[in-house]
Each structure stands twice: as structure tokens, then as C-alpha cells.
């Protein structure tokens, strides 16, 4: 399979701090590549290195089979990116912003091209409005519109759902799926929230403290057998006792905080729910958790699993 | 002090008068020659030579009408003239009959033998305190005049005659005067400061100014409108 | 590159902030001209008081040329502040807005990016000076007419014939452009360090104000360091109004008293421009964009 990004032994040090540590990964053509890590894990630094905003301390980056340092312009012509916040020129209109960045990307700008792009991100009706008046979601969509205007092969979205409302998050998710499935783009999308990534990513990289934890196919990583459920009841110690005496006892996990944790197959979650009702446990909350912290818990409590994806 | 000075001058003049020949007649002859000109318009070049003034040579027009109307106009541009001085010409110097004149000796000006005549105005309101005239007796021309005034300091006028000698109108007039030191308040000019250090000789030279006018033509006694002196 | 420059200019002239400078100049020049229309003669009498004691001036002393000189004398000390407003914002403003990272992920080299940015601020500077020239020179010529220009220098008075003035203004504005470009270059340099606009704008203004004070104060201690301050050379546009004189102390039309001083100053300023912009390039090319 053709690789679009090939990163080898990438390291970045800032005055005594190693932000990215000997990181290697490959993104193949057509991937929606989820880039997961907690805040400060080194995601943004890595993405900035991919975009030449930050110079690596050591290591090598190849995009489209070309060395990034040597073929910078050629490569960046085929890349569209939104890095962190989708900041654009607030004193210019949406139309002016798209047109300006399209020109910078080296393409011929026509009115139709700009309007089509704004149409695609649902901003056509606000084309002439100054960006200052836009909501966060609209700015995000505009940022993506700008990233896509020159029809790049590789799209890099750094935390694209930050600060968005649920509708905004869903819009971005749908857009990513459309770009991938309908237009065959390669997409790198970073997030600190697993729930966002799992719905779109075909492949996944998890980093922590600048180092790779896991890289693999999403469907394998999101093993339904490894779902963590967090339960809060009116009397947690009583509920725990009852669970320890039930058939669910083998699924209990070491507690973190007050709540009860169980690891089970996703298909068994309804049965657990029913079981609690039958035991007369008064449930306050019942959450199959998908955040990164739990995922880390999941993969680190199963060392075999980690090794399976880090070879 | 001033009073004492006047007394000395008066005594001195009284004494010289007793020893020297009365020159009123000569001065009157010179005056008669000057009086042939009723009015004139002259054209020429003027050059202001004051060490602290950088001015270009400019074309000037000079208008004169008896008894004492005098106007110098720069032909397009601004004229910078020492106060009072240049407007005094020979006619105004020996205006009317209110003066005492006597010779104090002979001298040579520009190779011409001249009579040195002291002239005292006898009217109270005259600005001129004392004039020394260097008169070419043969041609009845004043070649040089040194004047002390009450208001405008002392100055010296030197004249060269040529084409218009018959009317006692000079081709060239050099007017010398003393100037105050030029001082620009610091900081006003906002310039890179490079004030040169001056020697005493230069400092004295800085205080001497000259205005030189070279006349190229005169239009004499053709009548002149009062308006030009406004 | 041309396209990039176009974009940079587009951005500059789309910002309301840019027009503050043009408005400020218009207001300032307008107010001074109004003042001089009303009380110009009093002003001239006051300024020339010293010489007017011994000399009489016949002609239009307060004409458009003199008014322009007065205006430039007052304005050119303050224009750097307006230049700083834009130049010191060129890079830091983009960093502050967050658009810098977007710009630099486009297929343009950082050298091109910086060149376009500096050229754009240079064009802004140029246009500001053209505006000043229009208001201070042409409008003054219209309002006050023209005549010989009589100005006071530190050590002497200069009279320039009316026909010998305009080219001097052309030279003076050209020189002023160099001065202002060195300010722009300084602002540009400082803006490459910061991620907000206020810092470099204030820093540029402070440097200019501080250096200008040191450059113009006649205190021996300061005079020793003046040759090392670029602000010292910035005021030398005035040299264009100092003609040479001949042996008779008459002004030689079309001459300059110290052309070498103009040339030296211009070279010093050009070196500063190249130095500041060059340093910006070197530093910025290696800079990690973290904004």
C-alpha cells in the first residue's frame, strides 16, 4: 500500500523538554488516521513538524515519498491543514479568506471555486460577512473550507472539534467521512477524545509523553470485548458487595475513585444493566466510557494487547 | 556717559571747524548734481553677504523718488536687508540744508584722490548722527560714505560710477554694516549638532555684513507712481 | 512573490488600523495649516525674531515651501510611531491572530514570506510619505503659494531661490523614505520575536523615542554616542536644504553644502535596513512556530 506519510525516529526537544521522542509511524493512502493522546502528549508538535512549522531535532519525515525538508513547497501544495484553532483573518470576509489562502496555495482562484467551497462547508450564505461575527463552529467550518480549497490529497486536522457544540462535532465527523469515502482523501485527525476518533478513524496512533503507545487498525484496537463501564450508585460499597457475589464478579476492575468499574464485551452491556436492576441496585449513572484515560487503562491492563499493536 | 560723549564730539567738531575749511559749498555742489535726478528705476543684481546668511544673488529693482522715497524689490523672491541701512542713499544723506560740513583732509579711494568731509546734521530728529563723505571733487561724486545712526548702528557705503556718472548714480554700491551675532535657540532646529569652533578673527568677521548691488540700467526722470513704494 | 506581495498589501489596506496613520497625518497637517493660515505671520515673527531685529524681510516668508518645512520638522519625528504601528505588527500580529501557522503551511518559503511582508510594509511607508508630501507640500503650496524659502539652521540662515526648492523636497522625501524604512525594518525585526503586537510596537516606539532624544540633545556625553545611533542620521533630510556658497558667500543654485553627509547617512540607514531585515530572516527561518 502506498504510504502518504512516513515518519521515522522523529524527536523534538525544547530546552530540556523532549516533546516528541523517537516517534515512527506510517499513514497510508486513503487512511483516516486517528492521532490520539492527552493534552501535552506531543500531538500538536508532531503535526507542526509534518507541516514544517517546527523543525525536528532529529528524525526523518517523508510525505508522498519525498523528503519534507527538500521538497517543502511541492509537498505542501498537496496538503491542507487546520492546526489547533481555525484562526483566519477576522477583519476579512469568509469569501476573502478562502480566496486569499487559495491564492497562497498556488491555484487559480475563480468565484465559482470559492463559492463551491463555502457551499461545501455551509457558509455560502455568509460569504460576504466579516469573520469577526462568526460563531466558533462557523470558524471551524471556514478553517476546514480553507484547508480544502486547493483540493489537497492529504488533510491534517488538529483537534478539529475543540470548542464545538454537539451539532458542530457531528458536522465535522460527517465531513471527515465524506472526504474519505466520497473523495478518497487521506486524513490525519488528532484528538484527545477517543469517542471522536473511534467513529471515523480507520487507523490509530496513540502517543503519551511524546512516545508511541499503540499504532494499529481501529477495529482491532476498539475491541468490543474491552468495553469499560463505570457505575455510580446511591451506595457504592453495597453495590460492590452485591456484584462480588454475582456472576459479574470476574469482570470487576480495580476502582479508581468512588465509582465501580467493569470490563466486558459491548454486547453484554444491556445484560449488566438488567442484572443491576434485578439486584435492586439504585443506579445514579451507568456509562460505557470511551475516553482516553479508560482506553489507556484498557491497553495497559492488557500488556499482550499493547504488544500486538506496537510490534 | 552718552551726554559726555556728545560733549566731546561737539567740542571736537567745534575745534576741527575752526581749523578746517568749510565744505558746505562743495557738498551743495554735489547735492545740486544729485538733485538733477527726480526719480529713477534701476535694475541690477543684489548679493547679501553676511556670514550667517546663505542667500542667492538675486535680481532687484530699485525705485527712488524725491525727496526721500526709496524702495528695493527683489524680482520674484524675498529680499533680506539690514534694517534701515540700504534705504539711505546719498540724496537722503544730505537732504535739505540742515547740516554742517567741513573737510578733515584728503584721502585716496580706489585710486582716486578724494576730499574727506565730515557732515553733521543740524536737525534734532535726524537719525544720522555723523557722516564722513569721501568726495571726488573733480567729478562731484561721493565715492564712499561712513555713517553713524541713532537707531541702526554704523555702516559704510562704497560706490563705483560708470555709465550714469553724469547723474551721480553708481553702477555698484557696496553697503557694509555690523550685525549682531546669530544664535538659534538649541533644539529648535533638531539637527545633528556640529557647531564649528570659531576663532576670534572669524568671530569679528562674522559680525561684518555686506550688501552689494550691481546696477545694470537706470530709467531716470520718467515719473514714478507712488504706489510702488507701498 | 508578486502574488504574495499583493496579498500582503491587501491585508494591510483592509485593516482599519492602517488608516489611523493616514487620518492622524491628515488631522495633524490640517490643524497646523489652519493655525498657520490664521496666525502664520505671528509664528514667523516669533521664530525669526532674532534675525528680524537686524534685518528686514521683504516678500512672502510664510509660503508653501516654508510651511512644508515646518510640517516636516514637526511630523517626521512622529511618523516613525505610525510606521511602527504597522511594521511591528507584520509578523507578531499574524502570530497573535493565529494566522501565522496557516500562512506558513502554504507552499511559500519563509524567505518569500518575509520579503513580501517587508516589501508590503515598505510600500505602506512609501504611501504614508506620499500622503504627507501631498498634504504638507502640495496642499501648502496651494494654500500659501510659493516664494523663496528662508529657513533657519543651527548656525545660519538659508535663503533658497523659489526655483531651487522643489528638487530638494524630492530629495528630502526620498531620504525620509530611507529613514522611515529603517524604522520599519526595526519594527519588523522586533515583531519576529513576539506573539502579540503590542510588545514590538511599544518596543519600536520606545527605541525610536529614546534614540531620538539622545540624538538631538547637545550634551557631550550623548554627543559621543550619537554617531552610533541610526536616529542621528534620520534627521539629515534637512541637509537637502543647505546649499553650497561661492567665494562671495552667494548660494550656488542646485548645490548641496554637504552631499557627503547625505550619502553617508543614506548608506548608514541602508545598512540598518539590510541588517534588521537580514537578522529577521536568519532568526525567523529557524524559528519554531508555536503560536
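A, B and C label the chains in the order they appear, each numbered from 1.
In this text, a contact is a pair of C-beta atoms (placed from the backbone, for glycine too) under 8 Å apart; a residue touches a chain by one contact, two chains touch by 3 or more.
Keep in mind it's a predicted model, so treat the numbers as computed, not measured.
**Student:** By mean C-alpha coordinates, which chain is most distant from subunit B?
**Tutor:** Farthest by centroid: A.
**Student:** Among all chains, which one's averaged Cα position is nearest the averaged Cα position of every protein chain shown?
**Tutor:** The most central chain here turns out to be C.
**Student:** Averaging only over C-alpha atoms, locate the centres of subunit A and subunit B and give their separation in whole Å.
**Tutor:** 98
**Student:** Distance-wise, how many Å sit between the C-alpha centres of subunit B and subunit C, to the nearest whole number?
**Tutor:** One centre to the other, that is 47 Å.
**Student:** Per the centroid of Cα atoms for each chain, what is the distance between subunit A and subunit C, given in Å?
**Tutor:** Their C-alpha centroids are separated by 51 Å.
**Student:** Going by the contact rule at the top, pick out the subunit A residues touching subunit C in the complex.
**Tutor:** So the residues of subunit A touching subunit C come out as 14, 48, 51-55, 72-77, 79, 81, 83-85, 87-92, 96, 100-101, 103-106, 146.
**Student:** Which part of subunit C faces subunit A closely enough to touch in the complex?
**Tutor:** Subunit C reaches subunit A through residues 3-4, 7, 10-11, 14-16, 97-99, 101-109, 286, 288-290.
**Student:** Going by the contact rule set out above, which residues of subunit C touch subunit B in the complex?
**Tutor:** Going through subunit C, the ones touching subunit B are 47, 50-51, 53-61, 73, 77, 147-148, 150, 152-162, 164, 215-218, 223, 226, 232-233, 235-236, 238, 242-243, 245, 248-251, 253.
**Student:** Could you please specify the touching residues of subunit B with respect to subunit C in the complex?
**Tutor:** The touching residues are 47, 49-58, 72-74, 76-83, 179-180, 182-184, 186-193, 195-196.
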